[in-house]
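Read from first to last, the chains carry the letters A, B, C, D, E and F; within each, the first residue is number 1.
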Amino acid sequence: MYFHVQEFINEIAADEPDPAAANALQEGLGGQFGEMRTMMQYLFQSINFRGPDGKPYKDLIQGIGTEEISHVELIGTTISRLLDGSPKYQGKPTDPVDQPGAGGATPLSIAVDTSNIHHYLVGAQGALPVDAVGNPWSGSYVYNSGNLVLDLLYNLMLESTGRLQKCRLYEMTDNKTARTTISYLIVRDQAHENAYAKALETLGVNWRTSLPIPKTNAEQFPEVKKLLDLGLQSKNYSFDLTAQSEAGKIFQGASPSNDGTELDASEQAPEGFPMTISPERPEEFSPGADDELRKLIEATAAMEMADIDATFGRMT
Amino acid sequence: MYFHVQEFINEIAADEPDPAAANALQEGLGGQFGEMRTMMQYLFQSINFRGPDGKPYKDLIQGIGTEEISHVELIGTTISRLLDGSPKYQGKPTDPVDQPGAGGATPLSIAVDTSNIHHYLVGAQGALPVDAVGNPWSGSYVYNSGNLVLDLLYNLMLESTGRLQKCRLYEMTDNKTARTTISYLIVRDQAHENAYAKALETLGVNWRTSLPIPKTNAEQFPEVKKLLDLGLQSKNYSFDLTAQSEAGKIFQGASPSNDGTELDASEQAPEGFPMTISPERPEEFSPGADDELRKLIEATAAMEMADIDATFGRMT
Amino acid sequence: MYFHVQEFINEIAADEPDPAAANALQEGLGGQFGEMRTMMQYLFQSINFRGPDGKPYKDLIQGIGTEEISHVELIGTTISRLLDGSPKYQGKPTDPVDQPGAGGATPLSIAVDTSNIHHYLVGAQGALPVDAVGNPWSGSYVYNSGNLVLDLLYNLMLESTGRLQKCRLYEMTDNKTARTTISYLIVRDQAHENAYAKALETLGVNWRTSLPIPKTNAEQFPEVKKLLDLGLQSKNYSFDLTAQSEAGKIFQGASPSNDGTELDASEQAPEGFPMTISPERPEEFSPGADDELRKLIEATAAMEMADIDATFGRMT
Amino acid sequence: MYFHVQEFINEIAADEPDPAAANALQEGLGGQFGEMRTMMQYLFQSINFRGPDGKPYKDLIQGIGTEEISHVELIGTTISRLLDGSPKYQGKPTDPVDQPGAGGATPLSIAVDTSNIHHYLVGAQGALPVDAVGNPWSGSYVYNSGNLVLDLLYNLMLESTGRLQKCRLYEMTDNKTARTTISYLIVRDQAHENAYAKALETLGVNWRTSLPIPKTNAEQFPEVKKLLDLGLQSKNYSFDLTAQSEAGKIFQGASPSNDGTELDASEQAPEGFPMTISPERPEEFSPGADDELRKLIEATAAMEMADIDATFGRMT
Amino acid sequence: MYFHVQEFINEIAADEPDPAAANALQEGLGGQFGEMRTMMQYLFQSINFRGPDGKPYKDLIQGIGTEEISHVELIGTTISRLLDGSPKYQGKPTDPVDQPGAGGATPLSIAVDTSNIHHYLVGAQGALPVDAVGNPWSGSYVYNSGNLVLDLLYNLMLESTGRLQKCRLYEMTDNKTARTTISYLIVRDQAHENAYAKALETLGVNWRTSLPIPKTNAEQFPEVKKLLDLGLQSKNYSFDLTAQSEAGKIFQGASPSNDGTELDASEQAPEGFPMTISPERPEEFSPGADDELRKLIEATAAMEMADIDATFGRMT
Amino acid sequence: MYFHVQEFINEIAADEPDPAAANALQEGLGGQFGEMRTMMQYLFQSINFRGPDGKPYKDLIQGIGTEEISHVELIGTTISRLLDGSPKYQGKPTDPVDQPGAGGATPLSIAVDTSNIHHYLVGAQGALPVDAVGNPWSGSYVYNSGNLVLDLLYNLMLESTGRLQKCRLYEMTDNKTARTTISYLIVRDQAHENAYAKALETLGVNWRTSLPIPKTNAEQFPEVKKLLDLGLQSKNYSFDLTAQSEAGKIFQGASPSNDGTELDASEQAPEGFPMTISPERPEEFSPGADDELRKLIEATAAMEMADIDATFGRMT
């Protein structure tokens, strides 16, 4: 069973809108090696896990899978913020609803030249469950062979590929909104690499000098360096409300990345960051409440919805 | 940010394996109107939500979305249990790993005649992210127009269709493992129907006698009746750890289903049910640990992993 | 612009339900070489047609494309009839709605063993836009190169492949409902083969002895022979309401199939056959109208809907 | 059975070619909420319709489905016109066939920078059965649950979403060719919204102030306003050749959109607009007839094809 | 550049037709971890290989990729043989072409109950480029990150998963035709595991006791044991015609599988096995040559095609 | 069984990088009518071929299929070269690995504006198995009806369409790297057109003046003219190592293209062109070997890998 808090797992820095960067980040959300994939793969591996002796392995996978849901939330919101307001629409604050396209204007003309026109045409300047070339996410991405060693090996490769792609993403844009999230995910992907590599060590592999894969030297990326200095690449959170996780039996000792750190599974979760709600976008008809409906909502909110049936003359 | 507890959201009754029922239930997991879809649709609608005035609507969607993750966990596990052991493999308990196919035996011969051979060939008698005819789940299913009324209308239709399909599933099998989950989801789908219908009432619609859709008369299904008598169709859980959800401003008053109940959003979450880990399946090579690896795991567990590096002669 | 008459293009014989035959026929509806594909391919070729000199070619393609819409209607209805009632559900005529699954019965148990469970679970014993293994129809099937010779060559190959598959379908089932439609489409596919072959003759090809492709000797199929004797393989209908089609400039002279017949484009359309509406299926909750709604519909029909607003207390 | 007239359902205004607008309009043709989808969904719902009492509902759906075929024709042609000539190719009128790429020229260089290179590479400056990001249309879009209320609710949501997207399209381009079709479809989508909303009113829903969805205030779009003033949003055509449609039993009374109009189902079809055939495009090798073939076609046309076999020395 | 010899890479044993086994083997041909995938993945990795220093790695991948083309040929033919004649059609040898379905017979009735009806309806009792549940092979399967360590790690996982699935296939059927190919591929997959594992050893990993993955104990499968005794799991062929491959610089020394063998890259290719051509299948209209065409072919063959133009009265 | 030589089937001219041209060429590699499709279609037709009398037809298809593998290699490499270095990254030659993104630089910023961002984000400036709009190659493209005449007719249409698209590609770019490959494939596609057209002539068709399709007048493209003058459009290679191919029984006599040439099947294969390996791309982390790994590789190469196990302290 899952629970939610109204906080982000990391802060999203403010910057100008940037639809091209937003589209690039879609790969990290809905791509074959993005966060929706890690999330789903680990949830299925947890559900189908076999072997009562292997509880620490299951708990490790379950915990990382839970973290990935928060990553979906984080990168999805980042994309949404990069898109929000990108057509630079100037609505009159007093009457925004009547504004869109009035008199034949074209406030969404940016859409026909942008990376993914669906960001404006199908969604309302928000994230989509697709990759950076518009392919919808597919269940065929999920790997769950049922053989523990193979599943762990795949997971290691998956996290390494996700990190490789995010390092490439870092090199594609210097938008701060994009980079705070990219950098955070680079470091957390490395933590997950370490987790799966360590699990494979307990099953017989000696990685020696081969990790992390890729050798990104990502500490040369300033935003990444800051997070590495905090040791985030060597922490594992359980996200387990009742402290039953045994993942710490695996995630301990020297890091397989050979960076001199010790693995640490002592924290339940990181500190969260406050959530806010995006503004309406009248040119998207989002939410498209007209004045009458707006008044209705406001009236309803005011009376705490207590007598809604009476208001609407509900038939009983 | 999301958290997990090692409990199921509902109990899964024990019964014989039944791969045909397992395959039918895949529609409820990975189908176009299944739990993966509701989960993803509501998470995206929460991420992209617009309109600070509309926080109660966002909280309603977010809370139901969180519940759907637990539904994925529930129905996935149900499928896994229906498949587990279905080839009736009889391994020797003392030496199960050496058993599979020894001497040319065909312990998986059931697979070639079964509904979805992938349950045995790609997975290891576990759930897959596909529907009941084997189509992988697709991101193109997710609907998020950004227009609040449309999104709510779609959600109402989605829950109603999910409930319609689950009522049909109920009529396809009387396996108890399958039916406990099907019945629970029928009732919870109705709760979500009520939630979205109520939200649309606050925005102007009067449903009069049209709900629930479909008129399933599901109270004639004995397992469903039991849950209706408990009032589960009229409860909304927040799954919100810090009690910030305002969904109760909407989910209150008389049920739009006109069943005489009052909507109740006072509970954070239902009681959970214990989780167990499935047995190994040597004929699937799952986990496929041979004796040597098994000893390694046991040894590692015994010493609490403390000196793993020493054991492996780790190079530093 | 398109119009409709409430008649089928051919008669559909009555026989027992047969879900396996229904599923096989899906290939002829939603398969890569089925009627949805020919319909869409010819509509796109008509829309995008280039070359004012080539009006007879455009009219030929447009006319066949219009016929294919009626073929979609014909084969779709045939599938629906083969499925309808296949679970042999015996509802009480006085109270059908309360019947489905009452007391825990499983009136849809046939679904888990049938060719495509979606026929019962997603649809309500009706046709689906998929092929015989469940793949949804795809726009990627449509071929429209814009080069006239290539488009005609493809169309000839397409009709020949459709006919090949329908000859194979004929050999798979002797259900009369299935066979009337299969046989009719075999003969009409040959007519369309003749049309495209003749068009290519006007552009330079001499088919000599190579047509029809395949040499099916389909006159050995009794139901097909009857239609061949009527000459249906050598007729082209315009389906053009204002008699502007110039297709007859091409579709004339000796048949390229070398069967001794003359091509005839003198008829606008064949005689139609009466349409009926299928019964309700309470076990599918289709339409799922409960007694109250049924009364509402009946009342509404009785008063010719004249005062509906008054009845519902419409707010104005 | 279906028929065709060689007329468009609305006029398509002339303007400059605009491949970006053409690509945007692909969403309205082959997108998840475009005209191919409405057309196919309503045809399948008609084919599979259950309940002899419900003939007015079936007729309503069948009639709108027939109209959608003409909408496919309309928007497909609009896209084709927006693309036609967009590379600004200047062929010599006397010898266009020898022109393309002669001497190494690059008359199609526009293609590599345009929204969908397939418009030039796969098609010949014509419409494709894909959406605005290039995804082929899929049969998985079609919704046909078999439950009348659900199907109508889905159809209402579908038309509303189609209208939402077309309002966004309006805001993306002011090309007149694009806008005449966009504006016409906005208004006809609203007519279909009204149709399904009215049908749901007869089954128990009171929409009160919630329609139209979205509140687009589209009357502020000048081209749309003109059509609204003609009342096109409140008319339903039967497209039924033999006047058997009972859709008017539903489509009557005050409009559910609360715009003060009365619904009117008295017309069979609107006036049509003349069709023309697009010019050849030698740089696309479309049709690519060389001089010899052209002479052949001309010769054939001249003699009305009467003696084609003699000409070709046909073997008999 | 590639060449072909008309020999199979391994012998295919004769046995009865078995369409269920044929369908299961489709996973090994067109599945996500089947031979089409390994073939394509390695060809792309060879084409895009970076790093002149890494020629031995490229040669290793290129050589295995070339072998996989022969595996596609082998398993495709195996499937074809398992299907061929499975409907047990009894044609008259003197007149097989006129036989199919004559008098209304149903020689293909097996198709409606079989695993993949396309084997009879779309193909003519032959292999298809799909997996065991009918999903077409997809280019999205190919992994080629461009990072050498990641690509090798993926390849190791890919071969291991392929081997895992083939071990499961072995347990599903004891048909000899199926098993000779399954067993051969199990052993060759292990050879490729060894190849990629060894390559990773040269880049820093020490596999210790973790290979082969999975620990299948496949030597307990009698057909596999025979091939292991021949040492096929420790051989690498170059398939390189001009002996430029440097793969042997990597594929040497002790096997990473720790089975006591030494890796051996000294052979160019194994001995081949003779190819035969399958019989015609008149009930599939394959090839569907009627008597006239057959005589034409025979005549042509007789005169070695020398004067074909004269025969056909070719216009010059 | 297949073999390889380390040579290209044609020379690839040097020119500047051009990612837009690279993307356009993807259609020729992974598009519905590209080289992956011809390759796979002919391999499947060879595997499933029926009719021992038809060996010359099988050999013809098999030989062309083998050539297509080399075409995949050729066009894949061409795309790779067009992409390679396109971001104009300026790494220090002495320390390229530490360079990427150092200090927050954006060496891959080109990616967000380019035709297919996956060329930089998923691949490492290399070819992908997708078409020019990013759709992955699909097994559903493969046509293999089992009816010889139909298969040959499809193949003729397929080669003609491939040639049509390549003629359009020629008109899109004058990059020399792109054009050498495009021009070569135009001419070889015509050779394959001739092959299938000739095969159909032996089965009864007289093409008269209709070939080649399309009438491209491609001899007006200077690079194509050069190859036509060499007669490459009238040659067929067997690529058969043991000279068992009987394709020459078909591929002989006057060309069906009526260009005055005689068909010639006397050569086994063309002369090959030397292969080189692309440079590393540190900004793609390809291969991403850091200094330590590089030293390891170099050391290993130096000692010819002889004592690798000793080096790594392998446990035995």
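The rule is simple: a residue touches a chain if its C-beta (ideal position, glycine included) is under 8 Å from a C-beta of that chain, and two chains touch if they have at least 3 such contacts.
A quick note: this is a predicted structure, and the numbers were derived from the prediction, not measured.
Contacts with chain A and chain F are shared by D, E.
Chain centres here are C-alpha means, and the one lying farthest from chain E is D. Between C-D and C-E, more C-beta contact pairs are found at C-D.
Comparing mean CA positions across the assembly, the chain most remote from chain C is A.
Although chain B and chain C carry the same sequence, what matters here is overlap: shared residue numbers make up under half of all numbers found at their interface.
Copies chain E and chain F of the same sequence differ by a rotation of 180 degrees once their CA atoms are superposed, given in steps of 5. In terms of their C-alpha centroids, the spacing between chain A and chain E amounts to 40 Å. Within chain A, the positions touching two or more other chains are listed as 32, 122, 134-136, 138, 140, 145, 147, 149-150, 164, 203-204, 206, 208-210, 214, 284-285, 288-289, 293, 296, 312.
The touch graph of these protein chains has some other shape, matching none of line, ring, star or complete. Applying the touch definition to every pair of chains gives A-B, A-D, A-E, A-F, B-C, B-D, B-E, C-D, C-E, C-F, D-F, E-F.
Contact residues of chain E toward chain B in the complex are 20-21, 23-24, 27, 31-32, 115, 132-135, 164-165, 167-174, 208-210, 213-217, 220-223. Taken together, the chain F residues at the contact with chain E in this complex read 1-9, 30, 36, 40, 43-44, 47-56, 58, 62-63, 66, 69-70, 72-73, 76-77, 80, 122-130, 136-140, 142, 144-149, 201-204, 206, 208-209, 239-242, 244-245, 249-250, 252-254, 258, 269, 272, 276-281, 284-289, 293-294, 296-298, 300-301, 304-306, 308-309, 312-316. Across the complex, chain B is touched by residues 97-98, 100-109, 111-113, 116-118, 120-122, 134, 136, 283-285, 288-290, 292-293, 296, 312 of chain C.
The touching residues of chain C, counted against chain F in their complex, run 32, 135, 138, 140, 145, 147, 149-150, 153-154, 156-157, 160-161, 164, 200, 203-210, 213-214.
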